[in-house]
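Following: one structure in structure tokens, then a few remarks.
In this document, chain identifiers A, B, C and D correspond to the written order of the chains, with residue numbering beginning at 1 in each.
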Amino acid sequence: MRYANFPGCSASTTGKAYTESFSYVARHAGIEIDEVPDWNCCGASAGRLQSDDLGDALPARSLANAEAAFGDEPVLALCAGCYSNLRRALVHARESEDRRRQIEALIGQPYEAKADVVCGIDPFLEPEVAQTVKARVTQPLNGLKVACYYGCALVRPRALTTFDDEEDPQSMEAVVKLTGAEPVEWGSKTECCGASHHVSNPTAMKPLVERILADAIDAGAEAIATACPLCNMNLDMREAEINKARAARGEAPLDIPVYFFAQLLASAMGASDAEAGITRNFVPGSSLLAEAKTREVVVELTPEQKKAARIAAAKKQAAARKAAQAAAAAAPAQGKEEAHE
Amino acid sequence: MPRDNEQTGEFTPKILAFCCNWCTYAGADLAGLNRMNYPADVKVLRVPCSGRVNPQYVLKALQSGCDGVLVCGCHPGDCHYSTGNYYAKRRMMIFKRMVEFAGLSPERFQIRWISGSEAGKFRDTVVEVSEQIRALGPMENDAPSRAAIDAVAGTVASPEADEELFAAAKEAI
Amino acid sequence: MADVQDTIRERAAALLSSGEVSAVIGWGAGRFDDVRFPLVVKRAEDAGKLVFDASCVQMTAKRLLEHTGEGKVALVARGCESRAVNRFIADHQLTRDQVYVIGVPCPGMVDPATGETLKRCAECQVRNPVVHDELVGDPVPEPKPYRFAEVDRVEAMSREERRAFFDEMYGKCIRCYACRNACPCCTCRECFVEQDKVGWQGKAFNVNEARYYGMIRAFHTGDRCIECGECERACPMGLPLMVIMHQQVRDIDKLFGPYEGGGLTDSGPDPLRTYKTDDIEEFM
Amino acid sequence: MSRIGVFVCHCGTNIAGTVDVEAVADAARQMPNVAYAGTNKYMCSAQGQDYIVDIIKEHNLDRVVIASCSPRMHERLFRKVLAEKTDLNPYLLEVANIREQCSWVHKDKQIGTPKAINLVAMAVAKADCDTQLFTHEIPVTKRALIIGGGIAGIQAALDIADAGFPVTIVERKTTIGGKMPMLDKTFPTLDCSACISTPKMSECEAHPLIEIKTLSEVEKVEGYIGNFDVTIREKAKYIDYDKCTGCGMCETKCPQKKIPSEFNQGMSTRTAVYKPFPQAVPSKPTIDADHCRMLTEGKCGVCAKVCPTGAIDYQDVDRVTTERYGAIVLATGYELIDWTRLYGEYGGGRYADVISGLQFERLVNASGPTEGHILRPSDGTEPKTMVIVKCVGSRDPHKGVPYCSRACCMYGAKHAHQFMDKVPGGKCFVFYMDVRTPGKNYDEFYMNTLHEGARYIRGRISKITRRSDGKLVCLGEDTLSGNVVEVDADMVVLETAMVPPEGAKKLAQTVNTQLGPEGFFTEAHPKLRPVETNTGGLYLAGTAQGPKDIPDTVAQAGAAAAKVIGLLCKQSIESNPMVAHVDDSKCSGCGACVDICPYSAVTLVEKTLRENSRKVTRTVAQVNEGLCQGCGACTVACRPGASDLLGFNDEGIMREVEAYATR
């Protein structure tokens, strides 16, 4: 599969670890990545608030460049914010012909909305890519309990992002399972992480992050996986402040490392901590991964194997019972002798 | 019946609407029940089903004085006779393309699916069609201009035209 | 072509003498050189009169309908005749066992007056017979040329020019109904033009009534037309009747799924006699 | 030359107000073939009718045009007047609609009057071409078929059978009774649902005129009102009901015990040979072919060994029978929407303690899997806090269905009452958008539940998550106070939407009737003919027509039965005379009309006809007047117009078109 990557501003800043780990996994899983030529800012949350035209034109210009260079090769947007904005421009252009023409007029170049826009998780949902990743997992994270966190932009609004259910997404779980880790069921996978409000109103946003971390730990998770630089930063960076506040209140700290799902894949595929960007995590995450790799391999039994095991156990029980009866039959003879003596 | 309205003197189009008895005719009645208001240019001809509308009626209407024809029926799937409007749809799609190919302005022959409860849609359709036909003017406006006739003259006969026979026939007309 | 002619004569004689067929329909030579006309041979000894060469321009299949009562009839059938046979069977005017088809792959006929190949043969889609009891000569290649050139030419005109084009065309029509009598799709016992009581078409001799006749006949045969071009060839006024037929065949193909004209099989239903619930929707 | 009478109605001021009726009458007198034109205040009144009859006699008229309201209103009345009070054929009549489509929609007399004149001219032109039509008698088979054996089907069957007509109930499941036996109590009287439905079921079984076919489906329906030929497939039960005494030995001994019981909504298991519930009718088991080891793997046969009467027959096959019925009642009922597929926010079916209303009914039902004790399906403990969420799937155009399912508000209140009744000190929260209690002492029942302590919170639950201690955290909003609400519940009951059962679309095509946009059967008229359909002889009862509660369902079942009895008690019914007719001389037997007819009413037949003094045998098309419904599709497929539609003939419509175009 070939993708035209739209890096966006977070790729080399807050999402550096995500880019590094994703490109490591891509190299080893046979995913070719081109870069969108002369891409520009996707508008983040400011663009579309300014005006609808600006909200559509900024991402559309990059998409048009990608289309001119690579035709209908899907555009990959790792950051959830870029993904959401690029999807909006694409869906608006595809939905109505005259809107597409208006966008073309705004950006001053042809744009037929041929190429699709996908997020970081999408490539690994392709069966053959999943196969190659599973084959390349040399150091599986056996039984590592992972809580997959989606945040908002990946799955909402429903009309734009169509790749998973917006209330109960399961796609990241499927990808994390490739590493041998075990995703857990938990309730806050699509709750808000506070996004950029942590800057303007930190006191109001702290409880949001706290509740997510607490919910993950309550569900028995040892680590949280994310697919968006902003969610990752909010959960990872704020842990220290939250734990300080909790200690002041006399509550137990919430120590749980937060990784990009690509970091887990990269590490399981043999990447060193540096290559997988794990050294960049605020909450140190290398020790947990190292420990997970040493755990005993949990082999999942297929139904036939389970049945065979059941029959074998039943036979062993029957044999044991017979042996016990034989022993009991022999015992009275012995008992009688003792009684005589 | 003078074509131009006595008071205003502007052109009042003659539009014939074939309406199916179970859906559109009921919708038209409902529009009346709700005392909606729409131009009086459209006269309704009741047929049991849009499948009953023969393209020959449409062409006869267009050629003998109507400025526009509207064929209405139930939405596909709602037909009281279950398949009437599916046949009507195919017939009208082919016939509409043929008459437009032969030079009829598209707005003069339209087909719409209007259900028994869509009184508003019936009123809007009547208003829209009568405005379009009012803009086009009477059927005579559809006739080709002098320039168009000259542009085409002589290109019609196919290579095997028999010149003498054509000349002889010409005097006969 | 000559050996094909000889085989036809030989086969005709054999069929007639064996009594398997009561007549053989083909072409005969006229008084002037390379003028041919449809010929019905009933006696074995007349088989020699049958001719087959590049100027057999008439499509003879409709003669079959005049001989249905007399048992099996043989027909020398090229691509267009064989499609006409299918057309008759589909319209229940004939049964397959009433006709013995002598298939002849058709190289394309030449117009005796001008010497070039006939317009309809230049655009012919099916040169080899689609149905035959026996085949004389080996099949010819099927070029399947693009046949909608004239439709494109007319479609490219403005609305007014198109209206002028058809006004001139129907203005020339003298309503001799030769096109209806030649057309294998027109097998009604009483054509709508003759029904004065219902008064479909007026009696007046003007563009309106001629246009009414021309367009309604085109609509009646549009979804069954076998594109034999006989109507255009038979028209004394040389009107391009096939323009409107090809336009219909192309529209039906575009709207209602793959359709290369009628007569390719001998069973319905024809596109306007059936429907699909997911036909494209443009009247919502 | 015909002598047409034009009668223009004032309709009080409805027409006269915006159309100059006298001018219309004057214009009508000038029209060709019009012998008389007059007006009257109320043409449809008795006085108006007498006026018409007198004028017809006085002016010796042979055709009538009435310019009044829509023909859909009084055409039938005016036809009756002609048929009964004059010797004119009732079909020599045309009605010009100058009210709904003229006077009511054009305020200005200058515009309304010319239009009315045009409409009258069209009607006169068509009337001139009308021909005499005669109805004829169609025999009525005095037998009714009920599709669906729920309470609607049972009630309809009992009423029809009590009127002396034999009835067949075709039920898809192994027992009749439908959803009612599953319920515990019914609102508002709280009487036990099984106690009021099982007697009716056994009454059905005992009734000499009612034949019950369970595990059966209707495969094909042909024919028309009074003469439906219905093909019914009775699936193999693998038990000979004549020998079986219903002792239940096979059920106890069957080794295959782990099949989730559909009757108990999957909350308990059943055996392969089973009776869904003790009071099932017929009270004999059937073998579930998909799970029985003998039928799937050919090993076992325990039930055959233990059966005292040797009733088990593994070689049993489906029986397909075709019988004739006069009327059909669709009582196919409803299913609950599969919320697990739609609502990930409520756990998507992964939390065992989030259950549907029907599952709660089984929990609280004494014959249910927990003998009536309300226990959490996850760990069997008694829930102390229960949350009820209403409108799950209903009134939700994005994820569920747009309509309100009518009965959930009431059975939601009932569930709350039952919970507080059975769990001492239990706290019950009901999250609602609106409370709709539109029935006799319904609201009193709701008020009663409120006073018992049910906490009604106006707002929808946005998310349910399960904490590690097993509590279900329900996050919602109380829109009245504006606060966010969080309830730690032990169990959540979702009152889900009623949707049409699986297979409703196929059945609609089989019986050739229409479904509404939501998939329920479309009634002939929502207010005036709720239990009839547009297809003659086909009636509706219960939730097949739309979501409703039991009182409305039983009322509709009675109404449908009344309609069926009204039809079956007639010896024969009048056929619709406005059907297609083929003129043999014009027909070339091309068969274009045969493929097109949706009722397969046209066939090609061999006929010997006299043509120009010679006898000729030809194939021509022939219309079966009984089957033809008069849609006219064949008349357009017929190129020469040999097939014409009586009442709307080609000549009449052509003259009508010309009358307007050339005026």
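In this text, a contact is a pair of C-beta atoms (placed from the backbone, for glycine too) under 8 Å apart; a residue touches a chain by one contact, two chains touch by 3 or more.
Nothing here was measured: the structure is a model prediction, and the numbers come from that model.
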item	value
Most central chain, judged by mean C-alpha position against the global CA mean	D
Pair sharing more residue contacts (C-beta pairs) when B-D is set against A-D	B-D
Intercentroid distance (Cα basis), chain D paired with chain B, Å	37
Centre-to-centre distance between chain D and chain A (centres being mean Cα positions), rounded to whole Å	49
Between chain B and chain A, distance of the C-alpha-averaged centres to the nearest whole Å	60
Chain C and chain D, separation of their C-alpha mean positions in angstrom	51
Per-residue multi-chain contacts in chain C, two or more chains	192, 200, 272-273
Touching two or more other chains - residues of chain D	596, 637, 650, 654, 658
Of all residues in chain A, the ones touching two or more other chains	none
Chain contact graph, described as a line, ring, star, complete graph or other shape	other
All touching chain pairs, where touch follows the definition stated at the start	A-D, B-C, B-D, C-D
Touching residues on chain D, where the partner in the complex is chain A	343-345, 347-348, 350, 398, 463, 465-468, 473
Contact footprint of chain B on chain C as seen in their complex	111, 113-114, 116, 119, 154-155, 157-169, 172, 174, 192, 200, 205, 208, 211-212, 215-216, 218-219, 222-223, 232-233, 236-240, 244, 247-248, 251-252, 255-256, 271-273, 275, 277, 279, 281-284
Chain D - residues contacting chain C, complex	585-592, 595-596, 604, 619, 637, 639-642, 650-651, 654-655, 658
Chain C residues within the chain D interface of the complex	91-93, 187-192, 195, 197-200, 220, 268-270, 272-274
Contacting residues of chain B [partner chain D, same complex]	1, 6-7, 14, 16, 21-22, 25-26, 28-29, 31-33, 35-38, 40, 43-49, 51-57, 60-61, 64-66, 77-78, 80-84, 87, 91, 123
